[in-house]
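Below you'll find the structures, each written out as structure tokens.
In what comes next, chain A is part of two complexes: it sits with chain B in the first one and with chain C in the second one.
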Partner chain A sequence: VAKTSLTSPPWPEVKLPDPVEEAKYHAEVVQKVNGLISAGHYGRLFAVVHFASKQWKITSEDLIMMDNVLEAECGDRIRMEKVLLVGADDFTLIGRPLLGKELVRVEATVIEKTESWPKVNMRFWRRHNYQRKRIIANPQTVLRINTIEIYPCLS
Partner chain B sequence: RYVRQLQRLQLLFSPSAADARGARQFVEEAAQDFARQHPDVVLYVSPHSGPGPAPVLRAEYLNGTVREELIASKTSEEIVQLATKLANQSGLDIIRIRKPFHTDNPSVQGQWHPLTNKPSILTVQGPRLQPQ
Partner chain C sequence: MVVLSAARWVRSRLSDRFWRVQEVLKYARHFRGRKNRCYKLAVKSVRRAFVRSTKARREKKRFLRALWITRIEAASLEHGLKYPAFISNLLKSQVELNRKVLADLAIYEPKTFKSLAALAQRRRQEGFLAALGDGKEPEGIFSRIVHHH
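Showing the complex of A and B:
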């Protein structure tokens, strides 16, 4: 049959590698990463955490502000679950969609609970003599991420 | 390690004014409980007799900012809530914050620039780069 422009799809054809070889390769990579983690050959760790309906990319010693009220008092240590991704200089651990709790530990402290700056909420209809003015100050919490730790329990 | 940013709370009121009733009730009932719950905050109560300025709760923070809140014609519970709110704050100005996060080290694996993840130009074989 003659080859026309529509016989093969326009994207380049990709050949998948052998599944047995793939499994061996995976095991080797996992062992290497486990060895690196247990030996402690990583510098700064960063993590992507789902918190307060938002995803944050956090490292240690950095500040985060929420637009809500947490039930913890000022100075409480909080452990964040729902970690999506953890990375270091040479390797990254990607979760589907979350990583296990035995793998990662993210700790944070509540620093302050303030209110936001006073925002003006005004409603005005023209030619109807209707205007309402209201000042809103949302409560906010500021967290500082203390540590991100990983443990070598990959499989 | 957590350090509370509030240094001291000064309660200025006059015992004979009518609008300082909430302040007087707060001092009688809730001031001791508040001081015990926040042991690292110093609470000063200074009544000035006679008709003077309006009753005020002044909060001083570790970075020097002083914040005054009026407590005239407020009940004791409202003053307690105000005091806890001031105690949980830090002394930064309450203005619009542009970013809700702050990092000192924003990039761990190196910041992305348009030349990452692209093959290098040196390995390209072209008609001119072949040795002659």
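Showing the complex of A and C:
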């Protein structure tokens, strides 16, 4: 039968690779990455952590400032558990959505607990003799990320 | 004799007028023109500046999100994906990174962003294949070619 413009669909045909071969390839890659992690062939690690209802991209020796109070004294070590992504130069570990606790360990110390600079909140309606002025100073906490460690427990 | 109330001809006079005026002028010192020196003009300008800063604090969030979306769109187009395809496929593969972090990764970690784009592309193709099905016509439906005998 002759080929017309309607013989094949207009979108490009895509073939997925063979699942068996893919499984072998995946196992190989996982073993390689495990080997790299256990041998320690990575430089600086960065991680994406979900903390204080925000996501942060952090490395070691990093300073983080949160706009709220943390119930920990200055100098306390904190372990951040909700890690979404960890990466180095050659490999990245993407969590779906989180990575396991036995895989990554992110440690931080509370450095400072202060208030923010006094922000002025003002409302004004012209010709209505209405103005309200309020000064807000939010409490802030400063954390220093000490270390990010990964352990070779991939499967 | 005990005096319980002050005498009628004593009035209280303002003694800290200078500091009350300075409280307003200190916020106007970096303005342009006479409103950084003259109190009457400064009061109006400082009031408008405060009101604008409160409103801007709410709009900053919208503005930053639009900026992140533009950056992610640019980065994903470099890898051959459009922004809605990228974001929807990332969410379908249960990767819950927000736009701020994705924009930072696109700037500072190009290899990681490339791997995320590849993940989204693969999930997109799997979605298409799942939607297309087997490629056969469903049974019990009137075929397109009508035979007249």
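Methods note: the second predicted complex is superposed on the first by the 144 of 155 C-alpha atoms of A that agree within 3 Å, B and C clash if a C-alpha of one lies under 4 Å from a C-alpha of the other, contacts with A are read in each partner's own complex, and residues count from 1 in each chain.
Here is the rule we go by: a contact is a pair of C-beta atoms (placed from the backbone, for glycine too) under 8 Å apart; a residue touches a chain by one contact, two chains touch by 3 or more.
What you are looking at is a predicted structure, and each value in this text was computed from that prediction instead of being measured.
> Please indicate which partner A:Gln55 is in contact with in the superposed arrangement: first for chain B, second for chain C, both, or neither.
Only chain C is touched by A:Gln55; chain B is not.
> Give one of first, second, both or neither to describe whether A:Glu112 is in contact with chain B, with chain C, with both, or with none.
After superposition on chain A, A:Glu112 lies in contact with chain B alone.
> Can A:Gly75 be said to touch chain B (first), chain C (second), both, or neither?
first
> Is A:Ile64 touching the first partner chain B, the second partner chain C, both, or neither of them?
Only chain B is touched by A:Ile64; chain C is not.
> Go through the superposed model and pick first if A:Leu85 touches only chain B, second if only chain C, both, or neither.
In the superposition, A:Leu85 contacts chain C only.
> Would you sort A:Phe46 into first (chain B), second (chain C), both or neither based on which partner it touches?
The answer is both, since A:Phe46 touches chain B and chain C.
> Contacts for A:Ala2 in the overlay, against chain B (first) and chain C (second): which applies, first, second, both or neither?
In the superposition, A:Ala2 touches no partner, neither chain B nor chain C.
> Touching chain B in one complex and chain C in the other: list those residues of chain A.
In chain A, residues 46, 56, 87, 89, 92 are touched by chain B and also by chain C.
> Can you tell me which positions in chain B touch chain A when the two form their complex?
Touching chain A from chain B are residues 2, 4-5, 85, 87-90, 94-97, 100-105, 108-109.
> Please give the residue numbers of chain A that touch chain B in the complex, ascending.
Of all residues in chain A, those touching chain B are 43-46, 56, 58-59, 61-67, 74-75, 87-89, 92, 109, 111-118, 142.
> Spell out the residues on chain C that touch chain A in their complex, using ranges where they run on.
47-48, 50-51, 53-54, 57, 93-98, 100-101, 104-105, 108-109, 111-112, 115-116, 119, 125-126, 128-129
> Which of the residues in chain A come into contact with chain C in the complex?
Its residues touching chain C are 11, 14, 16, 46, 48, 55-57, 84-85, 87, 89, 92, 94-97, 119-124, 131, 133.
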